[in-house]
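Some structures are shown below for you to check.
What follows is subunit A paired twice: with subunit B in the first complex and subunit C in the second.
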Partner chain A sequence: MLKHLPVFLVLFQLITAIIIPLIHSLKKQLTPVVVLSGGLINILLSILCLYRALEAGPLFYYPGGWEAHLGIAIILDPIAGLMVTLFSVIFFIILCYIVGVGRDESWYYCLFFLLCASMSGIVMAFDIFNLFVFMEISLITSVALIAIKNTASAIDGAFKYLIINAIGSGCILLGIGMLYQITGFLNLGWIASMIDRALILYPHVLTGVLGLFVVGFGIKMAIFPLHVWLPDAYSAAPVPTSALLSSLVTKIYGIAFFRIIYIVFFPGISHVVPLGSILKIMAALAILLGSFFAITQVDLMRMLAYSSVAQIGYIVLGFSLFTGSGLKGAFLHIINYAFMKSTMFLAAGNIIRSTGRRDIKNLDGLGSKMPVTFTAFTIAALAMIGIPPLNGFFSKWYLVLGSLEANEPVLVVIIILSSLLNAAYYLPVIVRAYFYKPAAGEEFKVKVVEPKMYIPVVILGLSCILLGLGVNWPLKVINRSVTLLMGG
Partner chain B sequence: MKNLIIKKITSILLPFMLMYGFYVLLHGHTSPGGGFAGGAILGTSLVFFTIVFGHRAGERFKPRLVLMFMVSTGALTYIVLGLSGIVSGGNFLSNDNLPFNLGLLLETAIGLVVASVLFSLFLELTREE
Partner chain C sequence: MHIMVRLFANIHYFVSLCLFLIGFYTLLSNSNLIKKMIGLNIMDTAVFLFLVSVGYIKGGKAPIIKNGLDVVYVNPLPQALVLTGIVVSFSISVFAFALIIKLYTIYNSLDTVEIMKIRSKNDA
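This part shows the complex of A and B:
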C-alpha cells in the first residue's frame, strides 16, 4: 500500500478541497474542524512520504499502469519529500492563522487545498506535460486566491498575475512541444537519454527550448526583469495568500525548473549555451535591484514583496552555480526563506489589521504596543539579514561557499553587499518601532490582537531560531537531494 | 425573451440537444468526443434554456446549491473510480483487472463536472443583483 503514497497525498488534498464547500453548506460550524484536521493529516502523509523517500530511495509511480515512455510518471525522491513536508507544515500554520482571523468563506479554504494539491503535483511530476497541467491548476487557484479579496487593487493585481503568468505558461508549453518534437518523449528520464543525440542534431532548437523555459519559468519564479507582476499581486492579496504565495509557490516553480535543467540539460548544454552565466547574471541583478527597489518602498507590504524578488535571486544563484555547496545553499534557503517570509507577512498582516496603517513611516513606537508580533517580525528580519545564530545566516554561508567553489569571487561580494542592503530596509522598520516616539497627534488606536492570531506568527518566528540552531537536520535531507541531482 | 417562435423552437430542440450531448458523452469512449465535449454540449443546452425562458424558469430548482453538489459528486466519483484501480490490485486509474468499463464511467463523471461548472459559471455571470 505504501507504494501508492504519492498519489494518495495529492488525492487526499483534492478530496479535502472538494468536501470543504459541501460541509460548509450543510453545517457551518464544522468547517474549521475539517480544515484543521485536513491540514494535520496532510502533514502526517507528507512526513510519511519523506520517510519513504529517505528509506527506500526514489520511488516511481505510474498512474493507469502505463509504462514510463507512454504514460504519466510520478517520482517520490528526497527532493519531493522535503518540499512536500515543508509545504504542508507552512500550509498548516497559515491555515491556523486563517481560522484564527475567522474568514467565513469555504471557497477560500477549498482554493488553498487545491493550491496545495497542485504544489505537491509539481514537485512530484517526472513528466513535463503533467508538470504543466499542475502549473496551470496552481496559476488559476493563485489568481482566485488573490482576487477573492474583491477590492479594486486586488482585482488589478490578480489580473496582472493572470496575464503575465499566462504568457509564461505559453512559453513553457511551446518549449515542451519543441522538446517533444526533437526527442519524442515527455518523461524526463527518457528525454535525458535522448538529449545527447538531440544536442548534436538540433542545437538551435534546444537553444530555443532553453530560452522559452528560462523566460517562462523566470516569469513564474519572478526573477528580476520578469518580476513586474509580483509586487502588485502580493501587496493587494489577502495576507495569508501573500504569505503562502511568496514563501513557497514561486520557489517550487524554481525546483521544477532546476529539476528539468539538472536531469535533462546539465552538463551537455554548456557546450551550446552559457546557461550558468546567464542565470548567474539574472540572479545577481535580482539580488541587487530587488533590494534597491525594496529600500525605496514606503508601504510595508510592497517592501516585503520586493524583498521576495531579491530572495528568489539567492535561490536561483545557488542552483545556477552547479556545485554541491551552491545547491545545498539553495535548498537550505528555500526552507529558511519559507519560514522567514511567512513570519513577516503574517506579522505585517497583524500590524495592518490592528493599526490600519501600511506606511513604514507611521509605525513609530509600535514595538511596545504589539510586543509579541513585533518580536517575531524582528527575529525574521534579522534572520533575513543573516545574523549568525538565525537560519538565514547558514543559507548565505553555503551560497558563499558555493560561489568560492565555482571560482566566482564577484558573487561573494554581491551576496555580502546584498546583506547590507537587506539591513538597510529592514532595520529602519525595527528601529522606528522600538526607539521612536509617535509624532504628536498620531498616537495609535491599536486593536487588541488575539492569541489565536499571533500564535501562528510566534511559532513561525521560533522555528527561524530553531532552524538556525539545528541546521544539521534539514542538511541531512538536503545532502541526499544534492547527491541525487549532482550524481544523476 | 418573449418571442413565441424562439420559445417554441427551443422547446422542440432542447430534447435533441440533450440527447446529442449524452450521445457524445457516452460514445466518446470509442469515437471523437468524450466527457469534456459532451458535458459542454449538455451545459450549453441548459444555458440556452435559461436564456430563452429566463432566470425564473432556471432557478426553480435552486440551481446553485444543486450544481455545487453535482460538481463535487462528479469530482469525487472520478477519484473513487480511480481508487478502484488500486483496490483491484493495480495502480491508480488502471483498468486491467476491473469487471466494468472504467473509461465510460470516468467520461460520465467528467461530463457531470463540465456541464455543471459551465452552467454555474453562466448563472454567476448573469446574476441579477
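This part shows the complex of A and C:
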C-alpha cells in the first residue's frame, strides 16, 4: 500500500474531483462536507508522502511495472513531498474560504481538485512527457477556473491566459522532441546520463532546446518579459482562483523547470550557453520592473497581480544562482510567498466583497471598519516587504547570502532596492486604511464580514508570523532538497 | 553543395521548423481570434510532424511483433507521444473556441483590436 502512495495521492484527488459534482446533483447539503473532508484527507496523504520521502530518500515508482527506460517514472523525493504538503495545506484553507463564501457551484470544487491533482503530478513527474501532460491539465483547469466567473473581463483574461500559455506548451513540446531525438530517452535520469555525449556531439541542438524551454517555462512562470497574460487574468478571476494561481501554480512550473535544469543540464551546459547569467538578468528585471508596474496601479487586485511578477523574480533568481544558499532562499521563498500572497488575495477579496470598491485611493479609513481582515493584510504586506520577525525576511536573507556566495554584489543591491520598492506600494494602502479619514461625502457602508470568511485569512496571516519565528522547521526539509539537487 | 545534400536528407525537420515559425507568426501578427487559433494549430501540427519524423526509419514497418520474422520497425514511442499531443492540442482548441464564442456574444466582434477599443470605451 505504501509503495503505491505517490500514484494513490494523485488518484485520490482525481476521484474526489469526479465525485463532487455527482454528490452535488444527488444531495446538495453534503457537498461542503465532502469537499472539506476531501481536503483534509488530501493533507494527511501529502504529509504521509513527505514523511516517506524524508525517511526513505528519493523513491521511484513505475506505473505498470515497466522499467525506467521503457515506462513512466514517478519520483517521491523531499522536494516533491514538501511541495505536495505545501500545496495541500494552502489548498485546504482556500477551500474553507470558498465554502465560507457559500459558492454553490460543484464544478468550481471539481476544477479545484483537478488542478490539485495536476500540480501533484507535475512535482512528482520524473519523465518529461508525463510532466508535459500534467502541465496541460493544469493549464486547462486554471483557465476554466478563471472563465467560470463569466464576466466580460474574466473571459477576456482567460482567453489571453489560454492562448499565450498554449504558445509556451508548443515550445516545451518541441524542446522535449529535440531532447528525445539527441538522447533517446524521456526519463530525466537517463537523459542526464546521455547529456555529456550530446553536449559534445550536438551543442547547437541543446542550445535550441534550452531556448525553447526558457521561453516555454518562462511564459508559464510569468517571468518578466513574458508576463503579459498574468495581470489581466489574475485581476479578473474569482478571488480564490487568483489566490491559488498566484501563490502556487506559477511557482510549481518553476520547480519543474529548475528540476530539469539541475538534473539534466547543470553544470555541463555552462560551457555552451551562459544560462545562469541569462536567467539572473531576467530575474533582476522582473524584480525591479514588476515592482515599478505595481506602484503605478490604482486597482488593488492589479497591484497584487503585478507584485506576483516581481516575486517570481526572487524565486528564479534564487534558483539561477546555482549556490546552496540561493537554492535555500528560493525554496523558502516559495513556501513563504504562498502564505503571504494567499493571505493578501483573500483579504483583498473580503475588502472588495464588503465595500464593493477596488481602487486603492477609496480605501481610506477602512482599517477601523474591518479590523481583522486588515490586520491580516498588514502582516502579510509587512512580511512581503521583509520586516525581520516575519517570514519574508528570512527568504530574502538567504537570497542575499546566495548572491554573495555567487560573487554577485549587484544582485544584493537589487534585492535590497526591491524591498524599498515593495514598501512603496504596500505601505500606502496600509497608511491610508489606518490613518486617513474618508473625505466628506465619501463615507461608505461596510457589509459585516462573517467569521467563516475571515478565519481562513487570519490562519494564513498567523502562519506568516509562525513561519518567520519557526523558520528552522521548513529549513530542515529544504536542506535535504538542496543537497539532493546540488549533489546531482 | 554538401549543405544542400544534408538539408535534403533532413527535409522533414526543416519543413516542420518552417511550419512552426509560420504558425507562430500567424498567431502573433493576426488580430482575428479565429486566425490566431489556426496559427496555434499549425504550430502544434509542426511539432507533431517533427516528433513523428524523429521515430521514422526508412522502410520500417508498424511495430507489431510477429513470431520468427526479423523486420525493421519504426520507433513506436514518438507515435504514442504524438497521439497524446493531438488529444492535448484538440482539447485546448475546443476550449479556446468555446471562449471565442463567449467573447463574440459579449463584444459582437472577433477582432482583438476592436475588442480592446470597446473595452476601453466601457472602462471610461
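Just so it is clear, the second predicted complex is superposed on the first by the 488 of 488 C-alpha atoms of A that agree within 3 Å, B and C clash if a C-alpha of one lies under 4 Å from a C-alpha of the other, contacts with A are read in each partner's own complex, and residues count from 1 in each chain.
Just so we're on the same page, a contact is a pair of C-beta atoms (placed from the backbone, for glycine too) under 8 Å apart; a residue touches a chain by one contact, two chains touch by 3 or more.
None of the values given here were measured: they were computed from a predicted structure.
With both structures placed on the common chain, the touch criterion links A:101 to neither subunit B nor subunit C. Comparing subunit B with subunit C, the partner in contact with more residues of subunit A is C. By the touch criterion defined above, A:62 lies against subunit B but remains apart from subunit C after alignment on the C-alpha atoms of chain A.
Of the two partner chains, subunit B is the only one that A:15 touches; subunit C does not reach it. In the superposition on chain A, contact of A:458 is made with neither subunit B nor subunit C.
In the superposed pair of complexes, A:7 makes contact with subunit B only, with no contact to subunit C.
Once chain A of one complex is fitted onto chain A of the other, the partner contacts of A:152 are limited to subunit C, with no touch recorded for subunit B.
Contacts of A:140 after superposition on the shared chain: subunit C is touched, whereas subunit B is not.
Remark: subunit B residues 65, 68-69, 72, 75-76, 79, 82-83, 85-86, 90-96 touch subunit A in the complex. By the touch criterion stated above, subunit C contacts subunit A in their complex at residues 20, 23-24, 27, 33, 36-37, 40, 43-44, 46-47, 50-51, 54, 77-78, 81, 84-85, 88, 91-92, 95-96, 99-100, 102-103, 106-107, 115, 119, 122.
For subunit A in complex with subunit C, the touching residues are 129, 132-133, 136, 139-140, 143-144, 147, 150, 152-153, 155-156, 158-159, 162-163, 166-167, 169-170, 173-174, 176-178, 180-181, 186. Across the complex, subunit A meets subunit B through its residues 4, 7, 11, 14-15, 18-19, 21-22, 25, 61-65.
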